[in-house]
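Before anything else, here is the set of structures, which you'll find just below.
Consider the two complexes below, in which chain A is the common component and chain B and chain C are the respective partners.
Presenting the complex of A and B:
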């Protein structure tokens, strides 16, 4: 049972990661740096609960704030370039963060042992949930409260003027600019929001896994982050959720019998999916068909 | 005075070594830039394909004890073939204006190649034969490592070979026509798909040389090199200006030289962090790179 709860937690955390990329993609920006913000959230929250002995909630919010601050900082130079250049800039940022934590050693004595990030050996003592006697159910509920809050916030944003502004920038920058939308403000805001969401995800990840090291936050994780919204399509936040359940729940778990070969198949699946459905597996049309099939959609 | 002189020699020596090794980064950067110039797309698989070529070359060396020249030729050809496969799998059938899908597909191919290498080698590094590593040219207080000089010479030869093809052959003319205006090129009867495929093969040939040269200079081939080499290649491409071949050459040498300076002062663990910061310095002060035009291509 706890195994499946762990999977449910992971799906929640990856949904947050995917949504952090989703916000950016609404404005037409593709970032391979979400793993970096996720890492900043994970390490910051871990340091706050382990070294500064804060409770989980303030630590988590502070970690998200720190991650969003860095997203804000990255936003400005990165936004001077567009499209594929932004991909390169964010991938470089993400690697920079990974190397930073690869080198970070901050050990403090706690009782008769030392705790804290230990460069290449990783950060091993993030045991807030265990130390405070949280059950697996409680942890899962805690994770999903944040997932639901973030999804609700994004869903609501999408139906407000702010959502229209984000999508306007994503659809056509020139047109958006000509109706008086401040492109830089919109893009940096989206970047900051994405950093915040990824930071929450990272903080939750560090505490559910109790252990993080620099190898957790590689380009592969950044690829997952953008793969979810690409597969799920940008029509709604639920697409990302469905894509995470599909990849983490069905593919990763379903292909477990392949053992080591699973990653090879994963690469091939991405290639196949992009060739067959370049605009996402669950694009607007597929969503419409699915809705009609389950009797929700009705007319176009 | 003596100490200062010694340190000065040490630093200039290390910069020199870096410049020579930077030639491999320049080649990888040229490969990225060539494909970007032709299609306006990023081929994330490029560095992985180059190393895959080097692995095939290494296999030729281990299995039939091929000579150095054959090893490099086999590497280049294998990488060119991988380049063609990547083009067909990740670019050929994806709509031309869908940058995202092509990017994702090529990232998928990157992981695919990486995993195949990990499986074929059990993830352990393999020794790659070095050329002229026992040669040392003495120039006063300086020494030039024979293997690095060889790497540099081969990379320069590769670059000139490419420039010759691009600017002196009909094939190159077609490639340049497609990269300038693909609609106009089509109107002149140029088969865009074929030309793009040729660009991928050309870039692949160059990448195979770069991959085997990187391996020869470092002495080992390991799947751990793939992602760092991809990222350094991308950085070189951006610093040089997307689509600019002279830019990629200058940026490759710059990154190679500075990398060794960072290595000298900050050690191997922090070296790459400063290389990445260098990219952000360029993004802030010169976002279009050394030789990039100020016009947005994207």
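Presenting the complex of A and C:
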């Protein structure tokens, strides 16, 4: 049972990671910096609960705020580059963050042991949930409360003018500027929001895993972050969730029995999915079919 | 209203625009014509801040605009349309007009939250009015990319009008239009002017330019070669040469009889 709950937690955390990239992709920014923000969230929250002995909720919110602050700073230089150049620049950021934590050693005595990030050995003592006697069910519920809150906030934003403005910037920056949209403000805001969401994800990850090290936050994680919204499509936040379930639930976990063949089949299935559903697994048509199936049927 | 002094834009060694002086008076419909590559679109892009100028100044209603980004200039009252239509194709017609509610009145009249997260009754009414003006009243929920060409042009015009501009820059609005659509466009432009908007019209379709404008400036190779009323410009020797060719090409026989 705990294996499945662990998977459900992981799906929730990766959904947050994917949504952090989704917000940026709405404005046309493809960022591999999400792994960096996720790492900042994870280490900050861990340091706050372990070294400063804060409860999880304030630690998580503070970690998300720290991650969003760095995203805000990254947002300004990121304005100057687009497309592949932005991808390269944000990889550099993620690697910079990873190497920072690779070198970070901040040990404090706690009883007869030392706790805190221990550079190459990782950060091993993030045991807030265990120490406070949370059950796996409670942890899972805690993770999903944030997933649902973030999804609801983004879903609602998408129906507001702010959502239309994000998409307008993603569709045509020149036209958006010309109708009076402040590109700098919109793109930096999206980057900051993305950093906040990734920070929440990282904070939850550190505490469910109880252990993080720099190898958790490689470019592979950043690739997953953008793969989810690319595969799920940008028509709705649910696309990212569907893509995470498909990749983490079906491909990564479901194909384990294939052994080494898994990675090959994994790649093939992604190629197939992108060819069969070029605008995402959860595109406008899927949404319509689903709506009809549950009897809503209204136009949107 | 609009004053350009010595306005220049060089791309490397190419002088797309070189020392343009131009004054557009309030309430005018001002034509800007010239052969392809003569600097017309560059002029528009400089006025609304898409490009930074190499030299010269842009004054709008007495204020220096140099260095101000496009969205600031829009709020000051300069709106535009594009030569090749640039709508937000995957937003609906209604959303295209919604995101364009950025005039200085809009910004100050709404609070932060209603402006970004709501659509006040005032906004809905304003968008309904714009849709009506553009004859797109029944197409609000349609994706912009699903509109016919003429409808897309009308939507872009309405989107520019959404900013309640004082100066409207039209970059070849008649390109690809039928005769009847051009007539309608001419009426729209006049109606816009009569509602208090100054118009700068860049256009190749001469019947439209000659029909609606009061003043025309002619550009060639980045220089202004003529200025005057439509009648004066049409009789201008330099203009005829720019459009029809100089004596060098005249000497070449057009048919066997020469």
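One rule holds for everything that comes next: the second predicted complex is superposed on the first by the 260 of 300 C-alpha atoms of A that agree within 3 Å, B and C clash if a C-alpha of one lies under 4 Å from a C-alpha of the other, contacts with A are read in each partner's own complex, and residues count from 1 in each chain.
Here, a contact is a pair of C-beta atoms (placed from the backbone, for glycine too) under 8 Å apart; a residue touches a chain by one contact, two chains touch by 3 or more.
All values derive from a computational prediction rather than experimental measurement.
Peer 1: State whether A:218 touches chain B only (first), chain C only (second), both chains, or neither.
Peer 2: first
Peer 1: Of the partners chain B and chain C, which touch A:121 in the superposed model: first, second, both, neither?
Peer 2: Touch status of A:121: no partner.
Peer 1: State whether chain B or chain C is in contact with more residues of chain A in the superposed arrangement.
Peer 2: B
Peer 1: After lining up the shared chain so the two structures overlap, which partner does A:85 touch, if you call chain B first and chain C second: first, second, both or neither?
Peer 2: first
Peer 1: Look at A:260 in the shared chain and tell me whether it touches chain B only, chain C only, both, or neither; answer first, second, both or neither.
Peer 2: After superposition on chain A, A:260 lies in contact with chain B alone.
Peer 1: Mind working out whether A:227 is in touch with chain B, chain C, both or neither, as first, second, both or neither?
Peer 2: A:227 contacts chain B only, not chain C.
Peer 1: Using the touch definition from the top, list the residues of chain B that touch chain A in their complex.
Peer 2: Per the stated touch rule, the residues are 36, 40-42, 89-90, 93-95, 98-105, 107-116, 119, 227-228, 231, 234-235, 237-238, 242, 269-270, 272-273, 276-277, 279-280, 283-284, 287, 296, 298.
Peer 1: Could you pull out which chain A residues touch chain C in their complex?
Peer 2: For this pair, the touching residues of chain A are 156-157, 160-162, 164-165, 167-168, 171-172, 174-184, 299.
Peer 1: Can you list the chain A residues touching chain B in their complex?
Peer 2: On the chain A side, the touching residues are 30, 77-78, 80-85, 87-89, 91-93, 95-96, 99-100, 102-103, 218-220, 223, 226-227, 230, 260-261, 263-264, 266-271, 274-275, 278-279.
Peer 1: Quick check: in the complex, which residue numbers of chain C touch chain A?
Peer 2: Residues 48, 50, 69-71, 74-75, 79-80, 82, 86-91, 95-96, 98-103, 115-119, 141, 159-160, 162-163.
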